[in-house]
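As written, the chain order gives the labels A, B and C, with residue 1 at the start of each chain.
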Amino acid sequence: MLRRLVLTRGPELAVLGFLAAIPLFVTNPYALGLLTLLAIYGILLIGLDVTVGYLGQVNLSHVAFLGLGAYAAGLVVVRLHGGFTFSLAAATLVGLVFGGLLAFPALRLEGPQFALATLSFATLTATALNELEALTGGAQGLSILRPPFLGHPLSASGFFWLCLALFALVWMAMRNLLASQWGRAFEALRDSPIATDAMGVGTYRHKVAAFALGSALGGLAGGLYALNFLYLQPQSYSYDLMVILLLGVVLGGRMSLWGAFLGACLVVLLPNLLSNRLLFQVFSGLGLLLAAYSGTRGLVKKTTRPFQALAPVVAMGLLVVGGLKVQNTEDWRKAIFALMLFSVVVGLPEGVMGFAAKALSKLFHLEPPALPPAASLDEVLPARASDGSSLLRLIDLKQYFGGVKAVDGVSMNVVSGAIHGLIGPNGSGKSTLVNVVSGLYTPTSGEMTLRGRLLPTGSLMRVAGFGVARTFQNLQIFSGLSALDNVMVALRGAYRTPMPLVLLGAARGEERKAQADALALLELTGLGVDARTPAKDLTYGSQRLLEIARALARRPELLILDEPAAGLAHPDVMRLVEIIRRIASRGVTMILIEHHMDVVSELCTTVTVLDGGRVIAEGTPDEVKRHPKVIEAYLGQAPAAGAAAEA
Amino acid sequence: MTAAVLAQVVVSGALMGLVYALVAYGFQLTYATSKSINFGQGELVMVSAFVSLSLVNAGLPYGLVLPAGMLFGALLGLFVERAGVRLALEQKSEGWILMTIILGLFFLSAAENVWGRDDRPFPTPISSDPIHLLGVDITPLEISVAVGVFAVMGLVELFKRVTLLGKAFEAVSADRDAAELMGISARRAIMLSYGLSGMVAALAGILVSPITTVGPTMSSTLILKAFSVAVVAGLDSGFGVVVVGILLGALEAVTSLTVGSGWREAPGLVLLILALAVRPTGVFGKATIRKV
Amino acid sequence: MLRVEGLHAGYGASEVLQGVTLEVGAGQLVALIGANGAGKTTTMRAISGLLKPARGRVILDGREVQGLEAFQIARLGLAHSPEGRKVFGPLSVEDNLLLGAFRRLPAFFGYRRHAAAGLERVYGLFPKLKDRRTQAAGTLSGGEQQMLAIGRALMADPKVILLDEPSMGLAPIIVQEVFATIRRLKEAGTTLLLVEQFASSALAVADRAYVMERGRILREKSTDDLRHDEGLLQAYLG
């Protein structure tokens, strides 16, 4: 326990203490200025890492939030004669509000469109800061005086300590957030946005909140930036700076607080690096050696492609040659950033911290903290009374894609407490049908009701809120999360602490409770021993069971199992049948899509057979098996094929 | 302000809009095969324009500068594909966004140092003396822009629709695996599309430079407008970019006249964010189906 | 014509195929049957190069082709009609067919003239496609799309055709039509490897069949033997 604390918290405290102590010994104002910037950029990059790292999107607008925050603080001081805390609060708030406003439209987008939207926002912001001369002073800039902090004028070292304290607070708040349901949700929505929605977690909502949070940090950093430099100019918040910030995050290592810190060090030191020729040559030479070493190693071990090994060497080589030939490195700064960023993105995509974390975890093996004992199943999945009344009713449901009628007028009725089989040949419309019911598609026409209430259409998230949970035929597990975390993500009603309190670390209690609950569900599916195993390392059969455990965490009224036995070996199928029985005994109604007829016969009370998007038979398993249409659809009537050949 | 002034501004703006359309068309070409676009396309326009300017200054006749500049643009396009896009596409990641931004930054810096940071005039034999046409003044230079844009877009569209190779492009876009099964090399199709896209970018640079001058900053202004046009029009409609390009060009010119020249960029950016928010596939684009 | 020896392949860390060996003689129709997830489709993808085999050999007409790119294998005369048909939705029916013959047509102009005979043959086989030649392939019904996918594979004039689940998602009456077509192709001397979940339909047309389970060939039998194997039929009722 103590060892764990020392290893995880020790380095943080050591670095923090070291940084805080420097002004006691060093009085050089230049060095102090760099340290202050380090703390400010630390906050800024932690904010940028939220989108670039945790959401996995290229965000080109962070520099705009820096600018907005800076101007908000500056204007509060100049125009409203506001104090220190007021101006910082205003900066943070402006970041939060504008971040939220941009996030609503932008986060419906992915990849390139998102990058474009953020780039436009950044340019628009720069235009506005330049053109709203009456407010911002335009290109001439805005000078401010630093207001006293709580009545005391701050010295340079005092301001540094304040920035450092804020950086430490942001660091701790982010760590709390990442250790909570929020951190899991970020990971989950990167692995599978569809499953995240289907588990009722709300991809969109989490993305917007995360983006707004990151932007607020950008605003806060901007406020500090303004109070540090005391002079604001629109052109400070340029595309160039944006690229440097990206370089910092990517080089330091995405999805890592330490990575953001390392990145901030780099961003702070870059100007010095460029102005000092000797330093630059040493640095680029080291870079070349590193690229050559890791490239050769990758090629020998055959873990990288030739391009990945060679391109960084070429880029760093250009940097070395350029450093010798070019007269003024400052003129080439953009090219230098480009070459460095290129080498990192191609050769070291996980950044320095990603690389270091691997090495460190080999050196120091840490046992994760012990799990609480599993909760009782009655608490997690209370037994429901099943009265045999109608639960889900579909009336003339249709789903067309272009000319293809995937579901063509299906009506069926699932009674409460039943295991309702849904069978049919490949492509008969089973999967499309459950995709419609679970909200992935909006049906072309038809009606769906659950306990007499209309089911929402076209929203996985809202259907999940109605008490419908599902598994996926093509596994949609959150592969980067542990088995336990996979289940914890989906736990319904377990997380009630609002985000601000989570940031303060108030969610630890409900975390323990959620762990206990999730563990109970893992034990129900026989995965208790694998709780800490990353989902991607589980066997295929266990991954299928994990999806079931995760769906149960929704405490569903209706559970849709989409081919849970596909690809399973016989012993695993038997295990699965046993588990489904146990779930049924708790009164959960199920729709079971399955190819294995023996599984269906053993479990189901009623079976609906689909073919070509229509219901061709319905009844008990035995009735269905004897139904001539079913035999024909499955076995493809041999005599008919013979007749066609004779014709 | 009189109606005549307004008409004049709208016509000049619309002609500039055609250049945005051409740059945006370059995005469509690569998007069609690979679902990726070159975020450094503006730098391609700028560097190709500078190279062509150097060729002009070296005494090459204009009739040769045009094809030579376009060839250079095509080579740059191929380089971007090789160095920035291919790896990411094969890993099915979106790393190409950052990579093409990086390459663009490199080109920009190189141009600043090789040709300087100042804007330079681009001499051309085509006259810029206005002729009076239907109540507005229009220069042969401006007409040459329109002719160039329509000619090259027409040719490329013809290639895409009439030749089997052009259809193969579309097949790669519709289903990469299935196209490979027909014996079509998806990788070569993507390379070719990047080459074509670079060529189109170079042409845009050569056409627009005599009007706007050549300078390192031309890339950033052009690219954002081209993005706006491509996104508003959708990334799969050649007809759409022309319409939206003309509209945006005219709108900008009117904004610049009525609100102030500093706000010139704003309508495009606002339009872009709105279009992304309301209809991410573009006004002329097609919707897609999510699969599990 | 096509020989596969000890083929291993998979996705990421999971090895789906664990040593598949099979052979298709010239002019033969060989069926590959097995439960869902047995590795039938993966076998086809590994043969045609969509998936790089980890080990083993694929020999097409006397030439080793494993490790080549899919488009190179296609140009050597292997046509693969993939699971789920994968027609080029936005393109017209005729463009789809022309692209099927990509490997043997001129890339720019005059390709229509070269393809005329092939088109006539496919339209003869599937008159419905001729009626819809200008329609976008994505708007066809499932059955028509399957006809198009088979026609597209035929256009290449291939040495071997791999047909993956041609009956998938089709109504029984259409399935019968598809199998009638397959029978005609066989009579015309086409070499075919057929993956099919309708075991008995496949067995009715095939010369030989392989049964797959968990990435391996379980047994190889003449179709007569398999057709009278009650246990097997029972296993694939679902």
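Couple of notes before you dig in:
The rule we apply is simple: a residue touches a chain if its C-beta (ideal position, glycine included) is under 8 Å from a C-beta of that chain, and two chains touch if they have at least 3 such contacts.
Just so it is clear, the model here is predicted, and its values are computed rather than measured.
Among the pairs A-C and B-C, the greater number of C-beta contacts is found at A-C.
Measuring from the average of all protein CA coordinates, the nearest chain centre is that of A.
Our note on geometry: chain A versus chain B, Cα centroid distance of 34 Å, whole angstroms. Rounded to whole angstrom, the centroid-to-centroid distance between chain B and chain C, based on C-alpha atoms, equals 42 Å. In chain B, there is no position where the chain touches two or more neighbouring chains simultaneously. Residue numbers of chain C whose C-beta contacts span two or more other chains: 89.
The touching residues of chain A, counted against chain C in their complex, run 402-406, 423, 425-429, 540, 563, 566-569, 594-598, 600, 611-612, 625, 631-638, 640-642, 644-645, 647.
Touching chain B in their complex are the following residues of chain A: 58, 102, 104-106, 108-109, 111-113, 115-117, 119-121, 123-124, 127, 130-131, 194, 239, 243, 246, 250, 305, 307-308, 311, 326, 331-339, 341-342, 345-346, 349, 401, 431, 435, 440-441, 472-474, 476. The touching residues of chain C, counted against chain B in their complex, run 48-50, 69-71, 74-75, 79-80, 82, 86-91, 95, 98-100, 102-103, 105-109, 111, 152, 156.
Here chain B touches chain A in the complex through residues 36-37, 39, 83, 86-87, 94-95, 97-99, 101-103, 105-106, 108-110, 112-113, 220, 224, 227-228, 231, 260, 262-263, 265-266, 269-270, 272-274, 276-278, 280, 289-290, 292, going by the rule given at the top. On the side of chain C, the complex with chain A involves touching residues 14, 35-37, 84, 89, 138-142, 144-145, 165, 167-172, 174-177, 179-180, 183, 197-205, 214, 227, 233, 236-238.
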